[in-house]
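Naming follows writing order (A, B, C and D), and every chain is counted from residue 1.
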Amino acid sequence: MHIGILTGGGDCPGLNAVIRAVTLALINEAGATVTGIERGFLGLCRPAMRPLRAPDVEGILSLGGTILGTHNRCDPFHYFGADGADVSAQAVATLQREGIDGLVVIGGDGTMVIAEGFARLGVPVVGVPKTIDNDLMHTDRSFGFDSAVAVVAESLDRLATTAKSHGRVMIAETMGRYAGWIGLEGGMAGGADVILLPELPFSVEAVAEVCREREAREGDTLICIAEGAHALNQDQVVRARLADSPEPVRLGGVGQWLAQALQPLVGSEVRSTQLGHVQRGGSPTPFDRVLATRFGYHAAQLVRSGDFNRMVVLQGDTCTSVALASVAGQSRKVPLDHPLLAAAQGLGLSLGQPRV
Amino acid sequence: MHIGILTGGGDCPGLNAVIRAVTLALINEAGATVTGIERGFLGLCRPAMRPLRAPDVEGILSLGGTILGTHNRCDPFHYFGADGADVSAQAVATLQREGIDGLVVIGGDGTMVIAEGFARLGVPVVGVPKTIDNDLMHTDRSFGFDSAVAVVAESLDRLATTAKSHGRVMIAETMGRYAGWIGLEGGMAGGADVILLPELPFSVEAVAEVCREREAREGDTLICIAEGAHALNQDQVVRARLADSPEPVRLGGVGQWLAQALQPLVGSEVRSTQLGHVQRGGSPTPFDRVLATRFGYHAAQLVRSGDFNRMVVLQGDTCTSVALASVAGQSRKVPLDHPLLAAAQGLGLSLGQPRV
Amino acid sequence: MHIGILTGGGDCPGLNAVIRAVTLALINEAGATVTGIERGFLGLCRPAMRPLRAPDVEGILSLGGTILGTHNRCDPFHYFGADGADVSAQAVATLQREGIDGLVVIGGDGTMVIAEGFARLGVPVVGVPKTIDNDLMHTDRSFGFDSAVAVVAESLDRLATTAKSHGRVMIAETMGRYAGWIGLEGGMAGGADVILLPELPFSVEAVAEVCREREAREGDTLICIAEGAHALNQDQVVRARLADSPEPVRLGGVGQWLAQALQPLVGSEVRSTQLGHVQRGGSPTPFDRVLATRFGYHAAQLVRSGDFNRMVVLQGDTCTSVALASVAGQSRKVPLDHPLLAAAQGLGLSLGQPRV
Amino acid sequence: MHIGILTGGGDCPGLNAVIRAVTLALINEAGATVTGIERGFLGLCRPAMRPLRAPDVEGILSLGGTILGTHNRCDPFHYFGADGADVSAQAVATLQREGIDGLVVIGGDGTMVIAEGFARLGVPVVGVPKTIDNDLMHTDRSFGFDSAVAVVAESLDRLATTAKSHGRVMIAETMGRYAGWIGLEGGMAGGADVILLPELPFSVEAVAEVCREREAREGDTLICIAEGAHALNQDQVVRARLADSPEPVRLGGVGQWLAQALQPLVGSEVRSTQLGHVQRGGSPTPFDRVLATRFGYHAAQLVRSGDFNRMVVLQGDTCTSVALASVAGQSRKVPLDHPLLAAAQGLGLSLGQPRV
């Protein structure tokens, strides 16, 4: 058996742990040959690959990123060769020429769509979900998310000392363009007073009210806002004040925008920090190393049992799998009845909602 | 409503997060009065308590240990007063005198037995499970465990650099007297080559064989051994070599014992480190902060709905509860068919078992 | 003896360690009464103070920020009361009314100017230098700097994994408006390939050349740029390309500006992260805790020996002091012949200088 | 020019940073060929070496340990070949055969003695001091020390939460067999109440008195004891109690011994943790990365200028060098008039001395 592995889409802590687990398990349990395909699907389009043996994956468990490289935008079905045809057939030919019997593809939503395309062309594929945002369907958790939450929480711990010392409003903007998981768990773990998510449009005035109440008592407010959060349309107070910028300008991110909108409404200084790319780099947390190892091992089991065209998922505390075809094109937002949202509100945190 | 909170047994990262969540939720949602009882049940026997208001729990989310203090050994049912009777009735009288309507008790197996005793005396009690070893029945995870695993993994990361530089066998001894969860997840996360657990007696000769094979190739071996692991009785080679110490002497811990047993069987230097108390102290990981917050919030919900004499648990990804009476006196070991054990072996790690 | 302590200017890891050392040393060695003045000089203008006893400073050694609070902009010499006169006389009157015999003032350049003003009014003052940027005259190091460098280095470690996985140019913008110490040491510690400092205007084209050379070999480049760094005026290539924005627009910071300027000049993707306020918050590194403790202890010695109107400094490995008057209004930039600059260039790092 | 590099003695965070700096500087500035010699002097006795080019040292700045490997006990002057003569001449012949013109030797006291031996045989040598204990003569600091202090301080932070929660006496035993630098700085940074060093024999009774006083107020005591600390001979109280073990038994280390000696003298529980090998492994702190880089760069300058048979040192904030011959066989203990000892006592910490 000869299996190729590739990582697609944005990097994420834990990718190397998956690569290691798949490689070691296939070698140890199936005597397989394993080949690493470089830079995602690009390594199939412009062939670039290298053998993966046990020593090649020694010590990579704790490394961030992916030793195979990745690429955000190479889709063989939308990348056209000299003859005007897409290069997917060339990619399949590459696999055949190399004698690769099947692929383990680690990636997000977009990568799984491509993986499914290869499955339809007859390439046996096993998918491993990669989403730092924790927003892929069918899996309760994915590796990388815990690491991102840890960066957010540690950053909030740091910002809190400044907020307290100066009696300031400090805003941290986290990743999460469409789903607010990182903002929610990171904000809860970091002790934020206000958490603003894409799923729940917020009122600037309601946030300002929280700040003013806290000013009256202790003086500081810690706000955790996800990149994709946005203000309620009907937020007239703010619109009036920001009349000269009718479209929310987000050059510096929504956190910066919120800082500007809040400043005239509160007494204390408002400062914003966009946590940025540090959220996705670096060594995975131990939790993510274990989860990624479980995902990789489970992927190897699917390969060994010939159970292809499926994606590994975590349901409850169990690794299992779903059909690849059921994954593509969907994402998992924070449901408005999620217990953590209730807990946040129960503890007196604000989600930026106007009080009735 | 007037609720008392206490923490019993050994300290654990996340206790303060539970105290904060219970307190804030009961104040915000139920307008309750909350009282912190100091040093576990001792604070009921020799009354010591203080009010908990919102500002009292501000900023404690990230603090290790418990602001209420704890005590390992005060059991009011086995602690006798001047009159020769146990002090449980006095403790109940204290609660009545203070006007405390119910207790939230955060603790482990032993603490839950006492909590159940109070329940039988008519005190409404809600339990919150605390076990750094992750070995309480009915709950898939408990807070503190992720933090302990993180300390183990970080320590293994450190020891690995020394092991590699010197071509040594490095042994890390983790907590886990009866259950091997910390050793298993910590060892997997820290990239151990050998993981030895209480549930699976090991062969020193089998471990030595792994070391010798690795010496022949790369030279270093990383061993993660839980405090309660022990060698197979029939391990004749070792018994012969350790003839003058027929009972495994564990003054320096089982890791030290293993180092002495292995040294004559391998070519490279063997060194052991007992990770000790650092595994249970310090700031909880973000994962544990969120889990402890969820537990605390759920405990407050049980109190509010009058659903007493139950203990909060996590099942899959859901917070729910079980009868207090069903918890006491049991512990949850690593089952021999646990998927992580299969994954460890599938990846080529050794669990210290003789090869057939 | 009755001594007041205050912290002025921006917060900085280690302030609490100084407060603790001053307080404990004055109590233990001089039997002094110690009073904490709140929110910097504001606590003298609108009197707000509290006693500091040993238990009040227990456990604050590792806390970021300042338990006394601080204020960026309250200067009693430029803050005017109802009578139109500045409030400095009122502040002195407050000290006299409280029976405070002298002040320990912890702060930066601006704070030392005010401290010197009080000295001229006859208030005995000892200064302790606080500058996260490490740019105060006369002291080789100040606490907080090592902590900021650690945040920068850890962030670069994280960004490096993303840079490598994607073959990207990753830019991290650090603090350092006028002096490049944080960028220099942080960049060296974090393995940056390019370090850009305020003291050394850079050529965008020279930076682009480094990126292109690295693309040709490994593919990724890590750039560490201090907030106050700026491009050479004569940088014609860039000016032409950025013709429609003649003034360097720095809404998102100079890192963002550099990303936009570099992108058209290189083949790979360019991404920028502004590290922001996380650099100044959080628990001080052990190095900073020790240095701050030494500073605080030395300040107490100056107080005890009546050696007022001086500021503590570190010269080589020795704590000593200089006249307050010699400090004000100066800052310490990275000298162009600094050994670390030579080391950076010797190792093949780029400082953004055009090649001759 | 062809230069060999080797690392000798125990591993230490920062070794790789030195290797990287020496290699890059010699290649960039001198066009030299650089060869890594494996496992210390062993790689000269049983020749094992490999070329070091720029890509070979890419990314090793942050790695703990040494990529070249090291060996504690291979001294070519005391290691005898088949002919009964020591193998130093063979080692020199190896260097000549490989065309190596000079050596950069990174190591401690023992390694510098060997390096000086080679210098006397006519091999041009530059030494770089490596001592995690910070006890080499002539250099104010060495890399690795800050990293060890950081591990100690973080461990004390963790132990403190347990000490506080339980009202316990917690003991942490640090490295430092002959010199107490790690215990002193680590203990100061970690907020220890008692610091016990090899340089200052302690009284168990004096330590017990501190514990009892603290019990009477807050209840917990944090003790930091260096491995080589020992009790005063005249400590009769303890000797009487430990009559059946006349020689201090240190199987579990001096921390364990102290715990047993203290327990009968105090009211609260006493617990001990031996921090062990985690103190020397893992990624260097940013401070150590910069210092190691400076040392490596300076070593390369000495090589370039032909300034051999010298060892790099840090004096104040300046890198310079001393004659290799002046280093060997000496060590730098904590002088009893060291300012940090005065500061510790001034702050009310105990150094275990009987009160007069």
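In the analysis below, a residue touches a chain if its C-beta (ideal position, glycine included) is under 8 Å from a C-beta of that chain, and two chains touch if they have at least 3 such contacts.
Which chain is which protein? Per UniProt: A, B, C, D = ATP-dependent 6-phosphofructokinase.
Only a predicted model underlies this, so the values are computations on that prediction, with no experimental measurement involved.
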item: If a chain touches subunit A and subunit C alike, it appears here; value: none
item: Subunit C reached from subunit B - shortest hop count over touching chains; value: 2
item: From subunit C, the most remote chain by mean C-alpha position; value: B
item: Chain centre separation in whole Å, for subunit D relative to subunit B (CA means); value: 33
item: Computed distance of Cα centres, subunit D from subunit A, in Å; value: 41
item: Of all residues in subunit A, the ones touching two or more other chains; value: 154, 157, 160
item: Chain pairs that touch, as defined at the top of this document; value: A-B, A-C, B-D, C-D
item: Residues of subunit B that touch subunit D when the two form their complex; value: 7, 10-11, 13, 15, 39, 63-66, 69-72, 151, 154-155, 157-162, 164-167, 170, 251-252, 269, 271-278, 280-282
item: Subunit D to subunit C touching residues, read off their complex; value: 20-21, 24-25, 27-29, 54-55, 58-59, 61-62, 140-141, 146, 149-150, 152-154, 157, 160, 185-186, 188-191, 217-218, 285-287, 289-290, 293-294, 297, 300-301, 315-319, 339-340, 342-343, 346-348
